[in-house]
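Attaching a single structure in structure tokens format; questions to follow.
Chains: A, B, C and D, in written order; residue numbering restarts at 1 for each.
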Amino acid sequence: MPSRDQVKRLVESAPFQRAIIGVIVLNAVVLGLMTSDQFDKGALQTLDYVLLGIFVVELVLRLYAHGWAFFRDPWSVFDLLVVAIALIPASGGLSILRALRIIRALRLVTAVPGIRRVVRGLLAAMPGMFSIVLLLCLVLYVGAVLATEMYGASTPQHFGSIGRSLFTLFQVMTGEAWPDVAGDVLEHHPSAWIFFVAYILVSTFVVLNLFTAVVVSAMESERQEDQTVDATLLAEIRALRGEIAQLRAERAELP
Amino acid sequence: MPSRDQVKRLVESAPFQRAIIGVIVLNAVVLGLMTSDQFDKGALQTLDYVLLGIFVVELVLRLYAHGWAFFRDPWSVFDLLVVAIALIPASGGLSILRALRIIRALRLVTAVPGIRRVVRGLLAAMPGMFSIVLLLCLVLYVGAVLATEMYGASTPQHFGSIGRSLFTLFQVMTGEAWPDVAGDVLEHHPSAWIFFVAYILVSTFVVLNLFTAVVVSAMESERQEDQTVDATLLAEIRALRGEIAQLRAERAELP
Amino acid sequence: MPSRDQVKRLVESAPFQRAIIGVIVLNAVVLGLMTSDQFDKGALQTLDYVLLGIFVVELVLRLYAHGWAFFRDPWSVFDLLVVAIALIPASGGLSILRALRIIRALRLVTAVPGIRRVVRGLLAAMPGMFSIVLLLCLVLYVGAVLATEMYGASTPQHFGSIGRSLFTLFQVMTGEAWPDVAGDVLEHHPSAWIFFVAYILVSTFVVLNLFTAVVVSAMESERQEDQTVDATLLAEIRALRGEIAQLRAERAELP
Amino acid sequence: MPSRDQVKRLVESAPFQRAIIGVIVLNAVVLGLMTSDQFDKGALQTLDYVLLGIFVVELVLRLYAHGWAFFRDPWSVFDLLVVAIALIPASGGLSILRALRIIRALRLVTAVPGIRRVVRGLLAAMPGMFSIVLLLCLVLYVGAVLATEMYGASTPQHFGSIGRSLFTLFQVMTGEAWPDVAGDVLEHHPSAWIFFVAYILVSTFVVLNLFTAVVVSAMESERQEDQTVDATLLAEIRALRGEIAQLRAERAELP
């Protein structure tokens, strides 16, 4: 039986990782083909089981190689969960679970370093956005309760319940089809334009600031480099002052 | 009776503020549930009154603790107004006033420091946007008068009155459904495409600059930090020159 | 008869300019009211003539005060043109010319310093955008000729002539209603999705860069300030080197 | 027969290049007119052949002038390909190939230096976007497979096959008509709002980061200038330190 280090070297080797990327891509293609009726479902299903088997073997190898450290790496846990989800539909028969097998294709995110870096960047921008997203949710919720109370009775297709209102106002926030919604409401409530204009202005403005936060956060890292340069400059100048102070001290010692 | 300072310490304590945040969230949920017919309206109404009572007590405590200084803090005045609005529907019976009770949920903005900071940021960006918003309103108004004069007679559903034109052009400005509006107008006025293309180009360009102003303003604060570093560098170099000047002066004193 | 300087001082005085702003706003309101049938058209018409008269008098005063220099200031020429346009409909009877009277309200742009600054900023961003706009027009034109040749016969309502194709593709570029257009075309040309996806990707990407150019140009002026600080730093350091060189020269002179 | 250098001087001369730009524009206009039935097709066709002949002569001259170096310049290869595409429809009769003649107008991109610079900028931003575009494709593909599996049976008009799902989700990603699509799906799957909201949030967030990458990349070149200034500052300060070290060395040599 191979040692832990040997397995570790194997699973971390470039050819092994390239092979796994190939298996993920192949699996994504197979699952894509399975949505069509033109192909032999049985053969594709078998191929899918085989590929799933490869993933299971790969995960077992990585678990053996890294031990408990495997669970400290969030990307590894993600891989494990994604394969675990894929294992459920293999036994069950629910269509939703069967559909979720394609989630396995998201393993590309952890397997391709470039995509991994992008996703890490996206996640890093999250905390700075938290308060703005909370504010956005608050605006959405207050808008939905208001709209349900005021327009729920007359236009139940848009604002019949708080859930429906939330969905309608989410659509309005994405800038979609709001003239239709507003048209239906305005027939019964001529003053509803105040609500729509106010809601659109406020939500657009908050979304704009969400966006600005992402741009500014993306520039943060750039600026930190600049600050390093500035810090170097400062250090150089301070060293210079030190040398001049020494020059004066030496002169004072002269007779 | 407790002293002013004791009350102040109480209302500014973390547990008290967390409790108030809890009451605001609970109140928002209660008002959300009241939009549905599945729940006991009477019980929810009673609960709403109780929570409103808690807000009134909290405001009285804060008024007692801060005295007139309470009115100098705009966030406190906002809290007072929001609860005051909530008190009107409790006595009256108009649906619009009842609906406005949910405005109380906006107290979360003043109660959660993170959201408060975001809103302060949004408000700080306002003055720099004032002139652009004025220009946007001018473009909207001129466009509305033009459209009403030119297309009001043939397409009253879009441009029948100045109010309707303003609303239609606001929709066009948000980039919504303008092909429909333009289609209706083009049937009667084949040259109307000039108006729509010009209006869309101008308004998009102004909105784009509004947006740019927000992004640039968001970067302002970052840049001010950079300038502080630059100022430090400058001060160091000037100090250096002073020392060298002194060195030369000392040398001149030598025999 | 007052001297040139007296008139100049008058037309440049703050109260005179505030009064003119007031007249412009009043005129804009009057023209807005004239779109409605609820008001006495005759009285509003008379008021409009009076206000137009005030503009003419103001322009004559400014022409007298500034002489030929009046025509060297583009803002003044704009004021003159806008009032001249307004004078044509007063004599003619065409609805389009009558509608264009509202253009006078755009005099607010030259009269209010804040808006003037914004518009100057917008115009300053133009030259940097010229090449991108040219590229965008090229993309639009090539797309329109292609679409007319390929889809003109089957969907004349969207791509019947080059003019219609340009308008349709302008709509698609603003991100409006393209699923409807694409749906109509796809019925006859199943491979048309390639055209739409390619056109949307290319035009969005170019528009995005247009946008980026505006943001970067807005930051230019900020950066120029930073560069001034950097230049000051450099000058200080060079002066320092000069002083040290002098120090060494003085020492060399010592016996 | 003229020498290579003479031909090179000719094809690189400003009048020659302006003439070629003129021919490109004229050709674009001719191809535009050919989409209409109001003009003499025969005459336009002849004119098109003549202009195409001019392009062929120009390319032959440039090939002769530059020799194999012609193929090392990607812009030249682009010109060659575009004219080659134009030569195919001249012999064949397929409508798609005839339509592609207009691609020749894209030679303006290589002929006008301003547009060339913009396109070079766009292409330069590409590599930095590669990983994000890959992630976007992954999100689109996973979404399409999921939607086909889950909603393909009930709403074949939107999600009937993986190709159709990809097109529908591309539409949703551009923010178009998604309330219609969602409406159709929600009739059969009340929980489909989870899919749409999740897909819109994820894809918008990734697109936003694509956008941010473009803005940041556009600012890169600006920042590099700043860094040059910083580098100059650093070099000056280091030179200063060197001089002071020399000063001390000279002093040490003194008796």
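Brief remarks follow.
The rule is simple: a residue touches a chain if its C-beta (ideal position, glycine included) is under 8 Å from a C-beta of that chain, and two chains touch if they have at least 3 such contacts.
This one's a predicted model, so the numbers in the text were calculated from it and none came from an experiment.
Shared contact partners of subunit B and subunit C do not exist in this assembly. Remark: rotation between subunit A and subunit B after Cα superposition is 90° (nearest 5). Taking each chain's centre as the average of its CA atoms, subunit A and subunit D sit 27 Å apart.
Averaged C-alpha coordinates put the centre of subunit B at 39 Å from the centre of subunit D. Of all residues in subunit A, those that touch two or more other chains are 175-177, 180, 215, 219, 226, 230, 233, 237, 240, 244, 247, 251.
Those residues of subunit B lying in contact with subunit A across their complex are 28, 31-32, 35-36, 95-96, 98-100, 102-103, 105-106, 108-109, 112, 114-115, 117-119, 121-122, 125, 167, 170-171, 174-177, 180, 211, 214-215, 218-219, 222, 226, 229-230, 232-233, 236-237, 239-240, 243-244, 246-247, 250-251. Every residue of subunit C that touches subunit D in the complex is listed here, in rising order: 130-132, 134-135, 138, 141-142, 144-146, 148-150, 152, 161-162, 165, 175-180, 182, 193, 197, 200, 204-206, 208-209, 212-213, 215-216, 219, 223, 226-227, 230, 233-234, 237-238, 240-241, 244-245, 247-248, 251.
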